[in-house]
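This structure is in structure tokens; I'll ask about it shortly.
So that you can tell them apart, the chains are marked A, B, C and D in the order they are listed, and the count of residues begins at 1 in each.
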Amino acid sequence: MNGDELALGKGRFEAFSDGVFAIAITLLVLGFQPPEARPASDDGITRALLALWPQYLVYAASFATVGIMWINHHALFGKLTTVPHSIILVNLALLMVVSFLPFPTSVLGRFGLMRSPVIYYGLTLIAVSLCFGALQYMVSLQPGERGSVIDFLRRRNVWNTMGIIAYAAGIPIAYYSPLATIVIYAAVALYYMLPVGIRAATVANRPNA
Amino acid sequence: MNGDELALGKGRFEAFSDGVFAIAITLLVLGFQPPEARPASDDGITRALLALWPQYLVYAASFATVGIMWINHHALFGKLTTVPHSIILVNLALLMVVSFLPFPTSVLGRFGLMRSPVIYYGLTLIAVSLCFGALQYMVSLQPGERGSVIDFLRRRNVWNTMGIIAYAAGIPIAYYSPLATIVIYAAVALYYMLPVGIRAATVANRPNA
Amino acid sequence: MNGDELALGKGRFEAFSDGVFAIAITLLVLGFQPPEARPASDDGITRALLALWPQYLVYAASFATVGIMWINHHALFGKLTTVPHSIILVNLALLMVVSFLPFPTSVLGRFGLMRSPVIYYGLTLIAVSLCFGALQYMVSLQPGERGSVIDFLRRRNVWNTMGIIAYAAGIPIAYYSPLATIVIYAAVALYYMLPVGIRAATVANRPNA
Amino acid sequence: MNGDELALGKGRFEAFSDGVFAIAITLLVLGFQPPEARPASDDGITRALLALWPQYLVYAASFATVGIMWINHHALFGKLTTVPHSIILVNLALLMVVSFLPFPTSVLGRFGLMRSPVIYYGLTLIAVSLCFGALQYMVSLQPGERGSVIDFLRRRNVWNTMGIIAYAAGIPIAYYSPLATIVIYAAVALYYMLPVGIRAATVANRPNA
């Protein structure tokens, strides 16, 4: 009576999620608009392409964030075989904010390192983070889960908390330096790229898996 | 002699359908255009991003509608193993209207809560609904179907009828309040997100599955 | 020594092809641009949306063409298990022209039923047709193929020839009536949608499969 | 302790990579913008479409480059069964530059055969090449690899080196003739399309595989 008739086999669930992640990550490039200077000189085009440097940084940060989210998404569902309706819905919310990410990325690209586009971008990252945290929580409640997954999630919650704190801290920092905020967000993405072992050693003392 | 030579294994049929759903859902974000104010102040950008609120609502409603359509699509084909030519064609028509959805979504985004973009959006939702109903009908005619699928479809037909009635009712309502229509459409999406059990209890008395 | 080390398992080959088909078909919607009338009245928007009718026709024709190409693509590789390097390359050429289709579709959408956009669209359809014919020819040369595939291909060649003749005939016709050409192209798509049996009965007398 | 808990099964790793390749290759078409001439004559549109010829060349070169990269990507992982965290990250970097390719392609499309867009395009191809080389190197370090893969990689390194040398040589050549650089880049793509056997015979004397 609880909607489990709509539970999905993990295969198609992951295929759809992978599809959305792959498309969202690839649409990030559409935030780049060719320079407008039309009777253009080579020097003018070169300058315009170099002037896009904050957008290159944001593109890399967004790409890394979605890419890492995808790797974590895989790890999260590694041991499940079917996915209940409730998790499908939270996952849909996660995909909705991830799919939205190309928009704040392109706003940032258009206006450069100003305060409000950076905050807008940061708020989106916070929303992504909250949805992913909710998904982690719901998976951890699944009855059939093995202890090692719980253990994995406990580590991940520390990890995820660090991300959301950094994202939130970036908001007031943007009032002083939008560039500092972007550097922090890029650093979070880099940090998440470290192998779990090294990363964990920086935040918690835990027995080896 | 009836085209069954072109019947597809369900795997590739679902992969293609999933691909189109995933791309259509992700293209919805392209309806968002960065604000045009070029010598822009932070306050101007903030106001412009807040002024997009009807588009955020429509984005969420469209995303939820396609997402739920995808979940239902999976449930519909859950027990089939091959997909005959006729169903492939109706499915292609469904994918055509689903793929079209980003356009009315972006029209709504550009003009805001005016009557004609809302009606245009509503007519597209009705077309999606009719195609999905036709698909359900054709699957229910498949000889190898189990009783439980029939039973499932009977429930779904009630359910689907409710959606199309709400979509149609939104058209005249838009003459009085475009916002009311969008709220109704978002409510339909939310309703479809409820687990089948709870939802069914609100429309029909049925034995437990 | 003939590149077969690069032969692909059919699974990944089909997955990539399906992906490109699915994306190309979904990008067709990007040819629709929201009407530009900015201080817009409801009547003005309605008129602008209705004035897009040739683009709706072209969208449907393009969508049907790619959709049918995808179904045929699946049928073509139905019996192969690995795909040699040479076929991968011809397939890449097919995907290149199919992926290009959204551009002539959007040119047609922007300029409406004028002669040159219609011819441009027709030339692209001819290129798609030639690539698909080349692919059919190369698959028919594969040593392991069963007789029924050969038989299937023989029928398909008649069929494919009909399509390319109609596409080519549309070019001179566009000098008199661009609309007539689009109607012919839409009719070809509809014809290809008929189940193989009925369609074959209209062009050739053949033993039942 | 080295992050291998996040190793992926090859299936989902390849599915995601294929998705990104398929989307990046299909987004290349978005670099084409319909001609702007609005009160347009047939002759004006025809001239505008013909004037796009450098973009057709670049589209074909970019499409071939990504397509071949995809084929090679498949061959590279042919014998692995799981993919360790470190390779996932390098792969993510490769996908990031491949996904970026539609932007330099559209810059080239907008400005035509000028020096700076051609160099920008060439630098992106060099970045793609370096990432792919790094990926090849990391796969060759994998302990479980069979000798034939090592052998395959040794050949590929020669091959990959040729590509990057041609890409780099194109940069100074663009100062004299941007067209010559594009022709070289298209020739590299064509060369990579040759079956491995023929290609290898042109660069190295090696025992048959």
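Keep this in mind: contacts are C-beta pairs under 8 Å (C-beta built on N, C-alpha and C of every residue); 3 or more make two chains touch, one makes a residue touch a chain.
The model shown is predicted, which means the values in this text are computed figures rather than measured ones.
A.B. asks: What's the fewest number of moves from chain B to chain D, given that each move must go to a chain touching the current one?
C.D. replies: Counted as steps through touching chains, the separation is 2.
A.B. asks: Mind checking the rotation angle between the two copies, chain B and chain C? C-alpha superposition, nearest 5 degrees is fine.
C.D. replies: It is a rotation of 90 degrees, to the nearest 5.
A.B. asks: For copies chain C and chain D, work out whether under half or over half of the interface numbers are shared, and give different or same accordingly.
C.D. replies: Chain C vs chain D: different; shared/all numbers falls short of half.
A.B. asks: Could you tell me the distance, in whole angstrom, between the mean C-alpha positions of chain A and chain B?
C.D. replies: The mean C-alpha positions of chain A and chain B differ by 26 Å.
A.B. asks: Quick one: chain A and chain C, Cα centre-to-centre, how many Å?
C.D. replies: 36
A.B. asks: Pull out every residue in chain C that's touching 2 or more other chains.
C.D. replies: Expected reply: 15, 19, 23, 27, 30.
A.B. asks: Quick check: in the complex, which residue numbers of chain D touch chain A?
C.D. replies: 1-6, 8, 12, 15-16, 19-20, 23-24, 27, 30, 85-86, 88-89, 92, 95-96, 99-100, 102-103, 106-107, 109-111, 114-117, 120
A.B. asks: What does chain B use to touch chain A in their complex?
C.D. replies: Against chain A, chain B makes touches at 14-15, 18-19, 21-23, 25-30, 32, 34-35, 40, 42-43, 45-46, 49, 59-60, 63-64, 67, 70-71, 74-75, 152, 193-198, 208-209.
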